[in-house]
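One chain, chain A, appears in both complexes that follow, with chain B as partner in the first and chain C in the second.
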Partner chain A sequence: MKSISLFIDKGTWLNRLHPYTKLLYILAAVAVPLIGGNLWLFVAMIVSSLLILASGKIIKNALPLIAFSFTLIIVIFLIQGLFNHSNETAFFSVFGLTFYKEGVMYATGIGLNILNMLLSFGIFVLTTSPQELVDELEKSGFSPKFGYIINSVFQILPQMMSTKDTITDAQRSRGMETEGKLIVRMKAFLPLISPVVMSSLINTRERAIALEVRGFGRKQKKTWLSDREKNKGDRLIGIILVALIVLTIVWRVVLCR
Partner chain B sequence: MDIAKILKTKLDTATIVLIPACIGINYLGKLFASILKLPLWLDSIGTCIGAILGGPIIGAICGAANNIIYGLTTGDNITLIYALTSLGIGFVVGVMARLGFMKTFPKALLCAVGGGLAAVIISTPLNIMFWGGTTGNVWGDALFALTQANGMGVAVGSFLDELVVDVPDKLLTLIIVFFIIKGLPKKLTSLYDVNAEIENLD
Partner chain C sequence: MPVITIENLKYKYPGTDTLVLNDVSLTIEKGEFIGIAGANGAGKSTLSQAVMGLVPQFYKGAYGGKVILSIDGEGEINTKTTPITKLCEYVGLIFQNPFNQLSGAKDTVYGEVAFGLQNLGVEREEMKRRVETVLKQLDIWEYRDRNPFDLSGGQMQRVAIASILVMQPSIIILDEPTSQLDPQGTEEVFRVVDQLSKTGITIIMIEQKIEKLASFCDRIVLMDKGRIVDIDVPDNIFSRDDIEELGVRPPVFTRFCKKYDIKNPDGSYPATLERTMALLVGREIDVTEDDIGEIQNGKKAESVVLESTGPEGEIVFNVSRLSFSYTADVDIFKELSLSLDKRPTAIIGQNGAGKTTLVRLLKGLLKPVSGTILFGGEDIAEKTVAMLAGKVGYVFQNPDDQIFKYNVLDEVMFGPLNIGMSEDEAREQSLKALELMGLKGKEKENPYDLELFERKMVAIASVVAMDTDVIILDEPTIAQDYPGRQMIAGMIHELSKQGKLVIAILHDMDFVADNFERVIVMAHGKILLDGGVKSVFSSENNEILAMARIQKPYSFLLCEEL
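So, the complex of A and B:
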């Protein structure tokens, strides 16, 4: 059964890093260019994310993540380059369409911001297993019920996927059309989704009873199956990241004077 | 009807189990929409079911948890920003359902418009802040380009962009949800009834 999580265990230093350290990296990567207010900071963070991905041997897996954002970035370039309200200086013309400098610069900022966010999140998503994240969240005081919700999504989804395939096959074999005009496809939506939704809602009743029987609602403190190995890198990287954010704030404040 | 009654929530095992099921349903809706190449998102079916069965608070939790979980595990972290939108949809639909807006079909359509408007109002500032006004939906963005070419404000354009996508999207979503809820067995829906009482015979 295929999981929806993109986690890959390559056993690199990124996998051993604490999930919180990686979350802190996302914060730094997103906050530093926004606070600093300079386009080159985006480029710097993007390059650093790419280097980190490369050192974790996952750069190939990160490419599909970026690929799907390209249509969005292209649309933004077209709309802002052509129609942005502050457009004054003509930049270049293609096929009789004139792109303006202000709009293109604005779109570049947005595009770099998207790429930066995707890559820094990519580091987290590709190297952290959902199970590990849930365990760490619970250890730092999150309710185990919340942890159950996250874990459960990953168990339920593969089940729902296989039900989905069964139902799609069943409906097709009864002659239901799933391709063609928009109206045909719209009509196909309800008979496809409602049986899956119904069965998964009805399953929740049994799941609730099963959990209740096993003491899910008890208030006692829970224990963990596996302990995390202490990692020296976490502290060091954490300090560097916080220092980076503070430095940018200070730099920006000094610059504004 | 007072506010405490509308917001009343049961946080027992049954509702906790409902939340991941709803998050899964959201994912399925999105998946079917992309398999059938529909130009809508249809990714809030589960959130709406959660909101109607469990109330506004559960709806809000379903919505927010949905985007946070997918944002942090599937790499589609653009959804992470819209956690606020999903939260709003879940809450508004939940409140309207408690006010009796899911009882008949015409009222359910009103409920859909309410949910859709909540989504538009929350999403528009996010769209402007992060993408300069576009939504990533073909139809909406074409409209946005048109408004910008005609010199309308970014906020107006972005609002219309979101409106033409979100309201039809929520209408279809809640029509589906309406029929699904109608078809659920009583023994299931009674699990989530906040006013249920246990009767003792001895």
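So, the complex of A and C:
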């Protein structure tokens, strides 16, 4: 089945880490540079995220994320470097265009921020199964119905996509053209989309029954197949991350006095 | 105290005027294995859903009378007022479509089966013990880490059964649980269910596979138009003179015994092979080949027509050295060669044998990796699906994958118009096809207001109306009762008579034996057997059939015993 989640199970320490620890890392990665207010802190966090990705053998999978952020960052550089309202000091010129220091610094800040967030978020998304996250959220008191919606999106959406392929085949078998000019494609829209919608509705009713006969929605505390106990690594990393945030705050407060 | 007491139950679905259940009363004792038989629309599913509380709690509608469960240690439970999420501790429901029974919340088979127990709040160690036990019992332990959506229909259905079994209900309802399974899968399900009934679980089973009902059930409830016609042991039920009029075809053994007047001491005819053979000990009967044919086909004349249809030797499809794979590392077919003439041909085999892939290749929906498929002498690799549409028709398994119009006639006319028929011609062909599929008078109805078995007929009609030289049917008999199967059989005979090639993928072996001239047995992408019905199912092929996990038609089993 084609999965729509980005999760890859490489069995590394990152996969074994508790989802909450990884969420805490995102928090730390975003908060420390912002509180610290120093561009070098962004660089430090980005380097650490890259090292973590590398140790989890998923740096290749993170490349699309980085590529995506770079297009964004370049646009920001162009706009801010050329047109930022506080631009005063000329920095350098390329092809007769003058970039200003203020704008470039501002763009660097935003750019590093974006890259930092994307990378730390990437660590989380690439190494955490949605199922596991929802389970942990439910254990912490999240509504099972809301959890079910998230889970089922990951399970049932790919199914609907493959139903669409079957439907396309069924209609092509009845002589319908599905490829070619725009008008042909527009004519094909209804015969393709109606069965998807109608069969989803029919399926939904049956699935609602299936869930109910298995006790879903019962007012009772659920039990779980396993506890995702925080392990030693989780605790150690958690302490380091919290300490990092606290230290930054203290440092900032002391500095401002 | 009976475990289920149904008193004067009446029920109407919301927005309808007909009573689907009309004054039904019934008591079922603990540990009984009850079968429910009857034509489509008799109220079988509705009755079972009333036991589960879905009628009226889920479906609403008008409800009268009562259904009371009496469970050890729990006292009396009214299924109208007890929430379904509570009732599910006592009653489990398994239905036809395996895909829709998966919760959709779990990404492993193991987690899927445990889902219900989590909701019931069962302790962890107990939960693990139970999940392991049922997974092993149903022979799906090896799939425990797989995504349930990646499994085949038969495997998925076993996951669905496991998911209910694990909750240890006292009553299990199975609503045509095997209709989408291959014969071996069906046998496995029945074996498991039989074991369960011996452990004191009460079982209610709705099933069109009548021979199975006859051999497993303690009693059979015969229903017609919302009423219970009769409740009795299988032999008595199937010996009734009006049984066929009620839309139920008696087992082949009953038909045979009726013909030769082989009776139980109480005057009824035996409905199973074992009971038939027991009565035959020490008796000589003179059975001719013709008689067997008659028992198989119902009508002698038809079988004669069958043998002579289609000029043999005129090749329609010529498949040579065909190789195909979906992914680079797994070959589905390797150098497969086959030619198809105009004889009606059934393709049989276990789930996953490559049957659907083969017919999709014939239809041009898939392209061969190597080798050629000639259709009427031309290579179909050079044609698009749309070009082939007017020549080769293909009825998909699930009618809901194609229906999109708001009335039946428009739906059926869609294909004919696409392949260039004029409006009048398309209408004429469509009306003819609808009549052939028993849908005369339903032209103006919305297809979605029809039942699944009728929607299947609409889908078949919509392809028949295209008047193609070849028509391929994927599992046409699913969800059909005896009259429905007869209708499909009639269509196959009619089209063959017109010189068209009919190819069907089927799991219903008795239907194959009754209606096809050529049988192709497939397993693991290879053709194991290919020939006439008699030669393929002859006893010398027993070993190969077992290998392909095919169960012989009951009529052949009977002949062998004789």
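Basically, the second predicted complex is superposed on the first by the 200 of 257 C-alpha atoms of A that agree within 3 Å, B and C clash if a C-alpha of one lies under 4 Å from a C-alpha of the other, contacts with A are read in each partner's own complex, and residues count from 1 in each chain.
The definition used in the following text is that contacts are C-beta pairs under 8 Å (C-beta built on N, C-alpha and C of every residue); 3 or more make two chains touch, one makes a residue touch a chain.
What you see is a predicted model; the values in this text were computed from it and never measured.
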*Should A:Gln131 be classified as contacting the first partner (chain B), the second (chain C), both, or neither?*
second
*Which superposed partner A:Phe216 touches (first chain B, second chain C, both, neither)*: both
_Which of chain B and chain C A:Trp224 touches, first, second, both or neither_ = second
*asked:* In the overlaid three-chain picture, which partner chain does A:Glu177 touch, first (chain B) or second (chain C), both, or neither?
replied: second
*When the two structures are overlaid on chain A, which partner does A:Thr89 contact: first (chain B), second (chain C), both, or neither?*
neither
*Between chain B (first) and chain C (second), which does A:Arg185 come into contact with in this model arrangement: first, second, both, or neither?*
first
*Return the chain, chain B or chain C, that is in touch with more residues of chain A.*
B
*Now for A:Arg207: first (chain B), second (chain C), both, or neither, which partner does it touch?*
both
*asked:* Just checking: does A:Asp169 make contact with chain B only, chain C only, both, or neither of them? Give me first, second, both or neither.
replied: second
*asked:* With both complexes overlaid on chain A, does A:Gln80 touch chain B (first), chain C (second), both or neither?
replied: first
*Where on chain A do chain B and chain C both make contact?*
148, 152, 154, 156, 190, 194, 198, 202-203, 207-208, 211-212, 216-217
*Could you please specify the touching residues of chain A with respect to chain C in the complex?*
1, 129, 131, 147-148, 151-152, 154-156, 158-159, 163, 166-167, 169-177, 190-191, 194-195, 198-199, 202-203, 206-218, 220-226
*asked:* Help me check something: in the complex, which residues belonging to chain C touch chain A?
replied: 52, 54, 58, 83-86, 88-89, 91-93, 95, 97, 99-107, 110-111, 114-124, 127-128, 147, 149-150, 163-164, 167, 360, 363, 365, 385-386, 389-390, 393-394, 396, 398, 400-404, 414-415, 418-419, 448, 462-463, 466
*Okay, in this complex, where on chain B does chain A touch?*
11-14, 16-21, 23-25, 27-29, 31-33, 35-39, 42, 45-46, 49, 65, 69-78, 80, 130-134, 136, 141, 144-145, 148-149, 151, 153-154, 172, 176, 179-180, 183-185, 187-188, 191
_Contact footprint of chain B on chain A as seen in their complex_ = 4-7, 65, 68-69, 71-72, 75-76, 78-80, 82-85, 106-107, 110, 113-114, 117-118, 121-122, 124-126, 130, 133, 145, 148-150, 152-154, 156-157, 160, 164, 178, 182, 185-186, 188-190, 192-194, 196-198, 200-205, 207-208, 211-212, 216-217
